[in-house]
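So that you can tell them apart, the chains are marked A, B, C and D in the order they are listed, and the count of residues begins at 1 in each.
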Amino acid sequence: MKLHEYQSKRLFAQHGIPVPQGEVAETPEQAREIAARLGGPVVVKAQVLVGGRGKAGGVKLARTPDEAEARAKEILGMTIKGLPVKKVLVDPAADIREELYLGAVLDRAARRVAVMASAAGGVDIEEVAATTPEKIVTVRVDPLVGLADYQARELAYGIGLHDKGRVRSFVHIARALYEAFVASDASLAEINPLAVVGDGQLVALDGKIVLDDNALFRHPELADMRDEAEEAEAERQARVNGLSYVELNGTIGCMVNGAGLAMATMDVIKLFGGEPANFLDIGGGARAEKVAAAMRIILSDPHVKAVLINIFGGITRGDEVARGIVQALEEVRPSVPFVARIVGTNAEQAREILQAADMVTASTLAEAAQKAVELANR
Amino acid sequence: MKLHEYQSKRLFAQHGIPVPQGEVAETPEQAREIAARLGGPVVVKAQVLVGGRGKAGGVKLARTPDEAEARAKEILGMTIKGLPVKKVLVDPAADIREELYLGAVLDRAARRVAVMASAAGGVDIEEVAATTPEKIVTVRVDPLVGLADYQARELAYGIGLHDKGRVRSFVHIARALYEAFVASDASLAEINPLAVVGDGQLVALDGKIVLDDNALFRHPELADMRDEAEEAEAERQARVNGLSYVELNGTIGCMVNGAGLAMATMDVIKLFGGEPANFLDIGGGARAEKVAAAMRIILSDPHVKAVLINIFGGITRGDEVARGIVQALEEVRPSVPFVARIVGTNAEQAREILQAADMVTASTLAEAAQKAVELANR
Amino acid sequence: MSILVGNDTRLVVQGMTGREGGFHTQQMLAYGTQVVAGVTPGRGGEVAFGVPVFNTVREAVRETGANTSVIFVPAAFAADAILEAADAGVRLVVAITEGIPVLDMVRVKKFVDERGVLLVGPNCPGLLTPGEAKVGIIPGTIATSGPVGMVSRSGTLTYEVAYELTRRGIGQSTIVGIGGDPIPGMNFIDVLRRFQEDPQTEIIVLIGEIGGTDEEQAAEFIRDHVTKPVYAFIAGRTAPPGKRMGHAGAIISGGEGTAENKIRALEAVGVKVASHPAEVAELIERDIG
Amino acid sequence: MSILVGNDTRLVVQGMTGREGGFHTQQMLAYGTQVVAGVTPGRGGEVAFGVPVFNTVREAVRETGANTSVIFVPAAFAADAILEAADAGVRLVVAITEGIPVLDMVRVKKFVDERGVLLVGPNCPGLLTPGEAKVGIIPGTIATSGPVGMVSRSGTLTYEVAYELTRRGIGQSTIVGIGGDPIPGMNFIDVLRRFQEDPQTEIIVLIGEIGGTDEEQAAEFIRDHVTKPVYAFIAGRTAPPGKRMGHAGAIISGGEGTAENKIRALEAVGVKVASHPAEVAELIERDIG
């Protein structure tokens, strides 16, 4: 789960990281009031959960409250990468002298949290990593001791800081960032830029936190930060129904049990010239109501021209799954064609049940995919 | 540094351990008020930093506020093992059904924190450990993960708990105790008894915490809990002057540089028939003011009949140390005889300086001890 | 022969009296696995499915000589359950549970490694040595004993490939589901090493997916240490970057973890990578036929 | 020959520009120790006592090939300094600093052990290999090269014993002060093993004190693994229970850690225990005379 910039910065502030004293506005009038209260020039920043909002015109400077209102009006009317802007953050404009990068991320290969810093902040850090990796300094955190001061100093000196006070601030911020990361069960927490401003202080001008969905159960206050307005309706439905769903751009809806098999199903559709409309894992078992919810979610995508059901009957017997599907079909009554392929335990009976319900069936995934592609292209 | 029972229990309560809702009184009137406020019978408990106060009559039951006042008056007039009772804790009397023991302690051999539990609580746990060690269950905590729930359960089932709710409470309390231990940098934290009371709940009826003196610098709020009234004046002086001092029962004061050498000096005094009056390590170097402070502390003990100074001149040259001693002697002007033995670098010059100041000198520790014993026995 | 689980496996089931744990305990018993103990705190002294239940794993190990544990407890308590098993003296812990927070796994992984305990999973289907032992939830019906060692990050996708092999009469030595989490216990390399050393295993099948770099590291290991023929399938060629594909570990991020990279790395060291799941069995049948 | 430090020691001094660090750096240089680097955060690039100063130990190791570190930084920062040294690739860390919180040492000890780095101290005088290298604060004047390996929990008491040996013409191979804290890095056993293996060392002197059970464990080790003659002195026969005798580790508690226990354990395995410090040298002189 991603947090908004303003949410991330609040969380950073709770752990003692200096952030600008801005506030969030949902209307241009509120933006004006905040700008008036702050005094001086401000930055109006779209709060959307996608990257590249700067290039899209979602971040603008305003010299006066009037200007802040005007800029907020423009930005609140925008749609960035398909997401309408519902909130803006109004921050005091900073006198930026240098832009650093500081981030904590799970390093899967090292099985550790990695903390990274760079003097080349303010830009996309993945680009820095790809083009000039030597500009990024990384330390890996031993969970026994957490991020140690010496590691934070290695980062500070490694990116060329030398002023004693600045090194001390940086060490403090790096430790606070790691603490925020651990305390919130994040998988990513970054400050970009960590700016050196006019008076020489370090300030987190922008922040990004991605939380580990699996750990939300122990952070109800963070789970409450979820911005449902930013979530596509289908994704919300999937989440509520305990389904894994990712919308894609194709025309063939997929319903599969198991994440690996669901990806493989998408791949095979593509292999036979089709385009999958989604990833959807219904998980173990296949009770009718779950199948029905999955069907509704798939069919809510208007681009879907055909649906492929691919089920491996393992512990759950294939015939039971088939009956669940038939029951769900009766409930949902879809208008696009379905192709079903059930393999494994009692697959033959399953096939008979599905055929009796006038469903197109297939015995191999390849055959099923070919049939679905054919039906979708009609 | 030891904490009082009431301080320990407050600290436990901060970490979520159930404790009785008592309060501290410094006068019998306050004890009456507290008893009246609590309602029902109370226990009046002497707050002194020594063990065995129960046997000494420092813990008494009172049925009414009047009785509480009377009992408090008795106890506040007592001296337990040389320490006057300045405070009493007035706790509601508990309906005790069972008494358990739960403690966390540094296990030096394992280089871990050990958490121990026993169903034989309420008595001296060292006695239980000595006579029926099988009644104590111990787990050792891996600092990587802290006290894990499974370990707390092993303790609970290990001491024979089986009621589900009670096991859950015990696990909660054990974890809280470990957290309190770590958060306060304790070297010992124990609940004895952890009582099962009338309604089946677990309550920490008595508590004891010993803090790591070396960690007090990062816990100013705990350092402030030091009860200077409970500290002998000589110990307070030593602490303030950065000296290690322990009062003993003999007649020969000792001033030594280095803890091991100071103990050895005591041992050699004993070997030659004397009794050391104290342990005192003046640490590295030997500046005159530190030596003077040490002299004053030693001489504040009226039993001291002679003083033995034993200094190994290493990095600090012996002649410099001797000059520091002579300067301190001029300041303090002691009335008891001093024997000085300085060995190591420039020991010869040191001896000449001390002899010129009319001090008895010796070249070996054995000789010095013999002379001191002789002088003390005059 | 087999790896990790077999006739000598003496299994303790953590969470045996729960719904999932109970169901799969019966399945494992039916398969012939020696399930010697169950653990559910507070249920010690009971007997379920003919198996004694204990309050702690330590007690279960002491009383029954269990050497392997399988974990069905809910995600919130699963990390603690793994620690408990690792500290109680079993040699292998198989964690079926999905949804354990990843920072818990950072500590858990270090903890088990320090004690030399093997961990498979979490978020995995477990292991199956056909005809000997089933530890986890892999359906016994899909497999038969034979020369193919299988290791996979996925569940049903693995069943599919195994089933196709079995249908063609090609059996398996051991099927190991290492799970779909970002920080798994044993990884591909840990399992490949054991298949390379296992005399029964003649052919190895590796089933990977997007996310992380484990397949790339496996390719290096295969180049340097594996002499047996390796076949692979990698799921997720069509997965978009930045989206989690069901498994917590199946995500392409920062340009890392694409199926293309993994396929390229494997093919470069001589692994035959199938373009669809059923093709794995087809390729093997053709080569050994 | 010698153990732990010698002619091949390349030393980095952490906290070199502080008062204590500076003074003892000069002493170590004067003794002939190869001090190759100093570390003080924020002073990187400077030169002190002719030695280059770096901001981090990693940089110091990379630039100078330092293989040993000695730590003079204040207690509040010393645990971090040990971690830094252990992580930077030196093989031996000697922590002179007194007053490190003991719970910090629980983690630090595990951290260094995991990396196979040796730690001597904290709260110790360091090591001296007469004529070769001095790492710490042991005065060079008290020692001369010879056959006696010394290991001790104390500072000046050790100097006293070494001085007495030297005065009688009996030299030392290496003097190791393991320090007076409850959780030391290397313990008696770690050092005894090295003395037993060291060809120069013919006689071993162990100087213990009250607190803990390290001397008792050392006695067991001596019984099983040490063939060279061992002499000992144990300080604190007259120390009362429950009182900390200066050193954080010198405390009798719970009936554990008495001098009597330790002396009994050592004598039982053939160690000659002196009744006062000077007697150690007397006993040795008599035996080798």
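Please note the rule applied: a residue touches a chain if its C-beta (ideal position, glycine included) is under 8 Å from a C-beta of that chain, and two chains touch if they have at least 3 such contacts.
It should be emphasised that the depicted structure is a prediction, and the values quoted were computed from it without experimental measurement.
Visitor: List every chain that touches both chain B and chain C.
Guide: Under the touch definition, chain B and chain C have A as mutual neighbours.
Visitor: Moving only from a chain to one it touches, give the least number of moves from chain C to chain D.
Guide: The distance in steps between these two chains is 2.
Visitor: I'd like to verify one number: the distance from the centre of chain B to the centre of chain D, where each centre is the average of its C-alpha atoms, in whole angstrom.
Guide: Chain centroid spacing, chain B to chain D, equals 28 Å.
Visitor: Just curious, how far off is chain B from chain A if you go by their C-alpha centres, in Å?
Guide: Their C-alpha centroids are separated by 55 Å.
Visitor: Approximately how many whole Å separate the CA-defined centres of chain A and chain D?
Guide: Taking the average C-alpha coordinate of chain A and of chain D, the gap between them is 54 Å.
Visitor: Hunt down the residues of chain D that sit against at least two other chains at once, touch-wise.
Guide: 107, 110, 114, in rising order.
Visitor: For chain B, write out the residues touching at least two other chains, lowest number first.
Guide: Chain B, residues with two or more chain partners: 143-144.
Visitor: Report the topology of the inter-chain touch graph, choosing from line, ring, star, complete and other.
Guide: It is other, because the touches fit no line, ring, star or complete pattern.
Visitor: When you check every pair of chains, which ones turn out to touch?
Guide: Final set of chain pairs in contact is A-B, A-C, A-D, B-C, B-D.
Visitor: Going by the contact rule at the top, pick out the chain A residues touching chain D in the complex.
Guide: Touch residues, chain A against chain D: 142, 144-145, 148-151, 153-154, 157, 162, 164, 167.
Visitor: Which stretch or stretches of chain C touch chain A in the complex?
Guide: Residue list for chain C touching chain A: 23-24, 27, 75-76, 99-107, 109-110, 137-139, 141-142, 152-160, 163, 180, 182-183, 207, 209-214, 217, 233, 235-240, 243-250, 254-255, 259, 275-278.
Visitor: Which chain D residues qualify as touching chain A in the complex?
Guide: Touch residues, chain D against chain A: 41-42, 44, 55-59, 77, 80-81, 83-84, 87, 107, 110-111, 114.
Visitor: For a test of understanding, state which residues of chain A touch chain C in their complex under the given definition.
Guide: 106, 108-109, 111-113, 126, 129-130, 143-144, 182, 185, 187, 212-215, 217-218, 244, 246, 248, 256-264, 266-271, 276, 279, 281, 312, 314-315, 343-345, 364-366
Visitor: Under the definition above, what is the set of chain B residues touching chain A in their complex?
Guide: Per the stated touch rule, the residues are 143-144.
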